[in-house]
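There are structures below to look over.
Paired with chain B in one complex and with chain C in the other, chain A is shared by the two complexes that follow.
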Partner chain A sequence: MVVERTMIAVLFAPVPTKRRMAVSAPLDTTIEVVTPENIAFDYQLAGPFRRLPAYLIDVAIRLVTFLAIIFLVMMSGMLAGGLFGSGLLPALGAAVLLILYFLQAWFYGVFFEAYFNGRTPGKWICGLRVISDDGHPITGMQALIRNLLRAIDLMPATTLAALDPEDSFFAMLPLMTGMVGLVTMLSTRRLQRLGDLAAGTMVVMDERNWTLPVARVDDLRVPALSSFVPADYRATPTMAKALANYAERRLYLSPPRRREIARHLAVPLLDRFEFRRDVDPDLLLYAIYYRTFLADGVAEAPQLGSLSGFSPLAKDAQFQDATAAHTTAAAATQPSATHTAATQPSADHATALSPEDRS
Partner chain B sequence: MQLDRTHVKVRPRSLSEIGDLALMLIRQYPQALLVGFFLGALPWALCNLLLVGWLPLSETIENVYDEETIEQRYRYIWLMTCLIYLQSPLAGAFTTYYIGQAIFEERPPWQRVFRETAAVSLRLLWSLGIVRGAIPAMLLVLSNWGGEFALGRELFWMFVLLIWATAIRSFRPFLPEILLLERCPIFAGGNATALSAGRRSRLLHNPLGGDLFGRFALAGSLIALLALGLFYSLVFTFEAVTNTSQWSLTVTLVLLPLALWMAAGFSVLVRFLSYLDCRIRLEGWEVELSLRAEAMRQFGEESGFSPSPATVSGAATVSGAATSSAADASPAASPASAVGAP
Partner chain C sequence: MNIAKLLEQRRLQWTELERLCGELEVRGRTQQRSAAAVSRFATLYRSACADLALATAYQLPPATVAYLHRLVGRAHNQLYRSGTSTFASWVDIVIRQAPQRIFSDPCVRVAALLFFGLFTLSMLFAWNETLFPQFAETVLGAEHMTMMESSFEEPLDASMDHYLMMSGFYIQHNTGIGLQCFAFGILLIPCLVTLSYNAVVLGASFGYMARDSVAAGDNFFQFVTAHGPFELTAIALSAGAGLRMGLGLFATGGLRRVDSLRLSALKAVPIMAAAVVMFFLAAFTEGFISPSPLPYVVKAAWAILSSGLLMFYFVVLGFPRRGDDAA
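Right after this comes the complex of A and B.
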């Protein structure tokens, strides 16, 4: 009795705040699994809504297959009846159909999951896979257990005959609600149904590539600007991650939105680097990204073309503005404007890295 | 507060993943539904009981089982389903605000949730209650209270209201989040920098119009299936417990609305997560959070909430992206501004 009371007290004791905070990782459908070999994998879990299309595809495949079997059995029966007479053939055909239906209904999933590394055709199409709790491929026994228990996960099955007892429509409309499986998935961290819990399995997305792709930098202004970032500046790990996210997603955002997002970090960085205030925030973050991830891998200095004389530093701005003014005045006196732009690029430099230059 | 350390991982998701994540949200924040949605739905559920509850009650009092009993049963189910469908965005106001805050702080206090929701209650009543058909539908039902089945009012006009509400909700699904979390006013008035809910709604929804409609249709079908499954399960459990297979008053007055409200509560979570996904895809919200957080780490708390220049807002309007005006309208340096401020 004393032991029981102690157990109850332990079970209902309030969880210490520290422990509660420690386990409150961001809520996500991703889970980390550490294998017995001490290798960690990140898996994206598949819950009921991701599994439903795969299940419906499997049901459709089973239905089509069974209709094909019925057709084949009937054709075989007709042929055999013509050859050997029709005595026991209808009963034999019905028996064959029942056995095949039984095998298909109960062992379709077992067969495919056991022999095709945790994938039925539906799961394969939807990119899902069943794996063990510890990250290993599932065994035949696990496939058997989880598929046999599916019948319970789909419970309760009922009709609404009571709504209108005289109407046979409701009596003939049974629904496998799947509430047992849904409630079990709701209660488990790994979104496991009863069959998964019994077999020690979980369903995950069959994805292989989880690393962020390195963005390719085509803009000449990026290496140009990155060369002015102070040599002692090193991006912190969190900064590097933020920059990588930004570089990956910026292509999907409109240029004004890029600048709006980037300026949160770019404006104080402009001050730190003592850059001009009109440098494009988007370009600055992209330049730091280039400097952090790509610059070391580039053996040659970038070809800067007309940007070779430009400096984003605030202390050079006064000189450049004066040069730009001089060039403008000179262009007004010279007959060929194109010649001026080609030989004296300073006029373009003033706005080369400013937001207005971006299209 | 570190904006990039959210309690829900912020990244783009598919609709099926959003459904799965909504289930995890229920497990993580059961009080969002048990307290927030219950309190939000209670007044509407009581109103519905008063409006259409007389139908099964009168049949039970008459105690005659005939064809009219079945007709009244179908009439009750139709009206109750329509009313709950139209009222669900309003009923989910507390839940929406609570979950919006729970992304940044683990357990937002309920007093603040009620206070902040009450502050925009008139906007909610106008936009979600009147414009989106919930209150007109209740008036329609009220106009025939105690009467015989009215084909025009209870079927035709109710159907028109349903189509109207579905059309608006499928193309403008995130208005509750715009009103509650972004705190956009209905009318901008003379303030040039303020962003009205209608304009913000256009900026957020227009670029994703077709995608939003497809998602709404798919999510709606799944939630309808869920409601049916819940109702079947509740009836099954009730029949198993009471050892009866009669369609009783409990089934009609309790189990049917309960199943519908449960599905409606789930739909509020799915809609909120879809809203986050929409902002991530369209506005790079997760990138903005990570850059703001990095700015706060490197340059102090103020840097993460620096307002954007007015010129950017104007340019963003052209591009279809969000503007910074909503950030100005919301309280600065608060979790609400982080959720709400585009």
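Right after this comes the complex of A and C.
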């Protein structure tokens, strides 16, 4: 037990202390929410650099729709003016435009966040969502408060005149620096700006990647090796966690690096299982992972044929291939990079396996 | 234990839950869905919650746990949707809650005192040419003074299209200033600065135009009389709402600072809603009645009527009642 824990610490924590590994402090950008079903689940908070693009998209959408409305009003005004010859309609159009501008400037976010479950179009595109900080969706009142208070979060305002004093057009455009909101966001636990604090809301990542990640074992030597692990071996919870982490991350590591990392855990296990010392450490960990999570554990018969998913015939062919590959040293003919990487240590093992399997 | 088999069993339900989530997200509401589908959704959500709760007991791989977190969060967001406020609730806020709050809130009194006090002082300073000869020019600037004078030289007479457009402009401009003043209130000082600035500049304009030497004064007062009560009160109210919110940061009343801020923001919103309604009324008055060539009696009558309405609103509707939680 102690050996394993220490090894896990070496494997996954930069500082090899047991305490570090045991207490897995959550990242500071996740927030735990307890549902009415009394289940706690995590949200990932969105910081200023995720929220800025969403805001800019919203500003662009507001601008484009407003320009489109101006165009429509002008067109209809021209048509109607041509028909009636009245000066009233352009004025009505201007009044409507001004009121629309006012509503858009202050209530665009309120409307979308209240009626589309905490998402404006910009947030929807960027995968963000506003929720109440107890995890519930926001109410209309919260949406109102947080959007009205954007005026202070965007302060202090400046103009571009400082950059170009000659140009009078740029000098007129107000430039919101957003420093108040940025400072508040960086100094609060939930990355809230002032509007969020007053409304009791927070912005979280609204994940849309919904593929269930299951580490599939496509290496046929893994079940073979796992059948030789003693039947009384049980992975401890921490060991199981370490194995699952390893199996998920090994695809991103180069084969020598995998062996280097896996060796710390695998070498004591090799002694314990009385395996040959030249068994690939990566393959051994993968096999234990397979046995812990994927194989039928107790009910598993020592024969490889009982493993679900492939037949003994295909397995035999695979081993013959592996043997052939080993003897001809033609590593390049192997079907996958994993095979190529682990050929040297495990082919010996596979060769040792093959007579028993044929019987 | 075989995680793969377990996952295969659960996976069917999880994908079904995902599918339902997707439909709910795309269509938004559940109106088109049958009751059975909704209850099926709830069942699947609860079973996913149970799976998440048992994830450590099952020793599920971390990636699967992360997946479950996201799935439960997604379904949670569809099941517990944002409550949308109805029109009736806003009518209740403006008619019943807002006057009660305005009547009982000391922040509103402070803001009103500050605004109307500075306004009166500034008006007196700008009016009295002998004692404070430089005041009006220092505050308003010579350019602004001549512009103001020239714009009120002609007797008031505008056409219908001018009325319409100006109403729109006043709604956009003045309500915007009020809302900004409210938002600035959370930090108190920006709100006080905005309020004082408006009070001083408006007061100086009024005082300057009231001088006997200024010829355009008559037209100016013909213009401002009608909408004055609504607009000036609305500015003071929005600042009062802002101060109420900002005060929550400092006078926490035993709550945590964040909770106190949240509570005071909720208290401030009805006041601000009343101010927005007043800004709109002022804008229509300013757009249609103020610039019209109607006799001054009509405008003055409207000003008196609107002041009376405000008094009724603040005092009669706002007087503290037994058993009312708003006060």
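Heads up, the rule we're going with is that the second predicted complex is superposed on the first by the 243 of 359 C-alpha atoms of A that agree within 3 Å, B and C clash if a C-alpha of one lies under 4 Å from a C-alpha of the other, contacts with A are read in each partner's own complex, and residues count from 1 in each chain.
Convention: a residue touches a chain if its C-beta (ideal position, glycine included) is under 8 Å from a C-beta of that chain, and two chains touch if they have at least 3 such contacts.
Keep in mind it's a predicted model, so treat the numbers as computed, not measured.
After superposition on chain A, the partners chain B and chain C are seen to fit next to each other with no clash.
Taking chain A as the reference chain, the count of touched residues is higher for C when chain B and chain C are set side by side. Contacts of A:Asn245 after superposition: both chain B and chain C are touched.
Of the two partner chains placed by the overlay, only chain C lies in contact with A:Phe102; chain B stays clear of it. Of the two partner chains placed around the shared chain by superposition, neither chain B nor chain C is touched by A:Val222. In the overlay built on the shared chain, the residue A:Arg259 is in contact with chain B alone; chain C does not reach it. By the touch criterion defined above, A:Phe41 reaches chain C but does not reach chain B.
In the superposed pair of complexes, A:Met141 makes contact with chain C only, with no contact to chain B. When the two structures are aligned on the shared chain, A:Leu92 is found in touch with chain C, with no touch to chain B. The superposed arrangement places chain B and chain C with a least CA-CA distance of 10 Å. Looking at chain A, you'll find residues 241, 245 touch chain B in one structure and chain C in the other. Of all residues in chain B, only 4-9, 11, 15-21, 23-28, 70, 73, 106, 222, 228-230, 232-233, 235-237, 239, 245-247, 251, 281, 283-284, 286-288, 290-295, 297-299, 303-304, 306, 308-309, 312, 315-316, 318-322, 324 touch chain A in the complex they form. Note for the complex: chain A touches chain C at residues 33, 35-37, 39, 41-43, 87-88, 90-92, 94-99, 101-102, 105-106, 113-118, 129, 131, 135-141, 143-145, 148-152, 155, 180, 194, 197-200, 206-207, 209-210, 212-215, 237, 240-241, 244-245, 247-248, 292-297. On the chain A side of its complex with chain B, the touching residues are 24, 26-30, 44-50, 52-53, 156, 158, 160-164, 166-167, 175, 177-179, 182, 185-187, 191, 236, 238-239, 241-242, 245-246, 249-250, 252-265, 267-268, 285.
Listing the residues of chain C that touch chain A in their complex gives 1-5, 7, 11, 14, 18, 28, 46, 49, 52-53, 56, 59, 61-64, 66-74, 76-78, 80-85, 159-165, 167-169, 171-172, 175-176, 179-180, 182-184, 186-187, 190, 245, 258, 261-262, 265-266, 269, 272.
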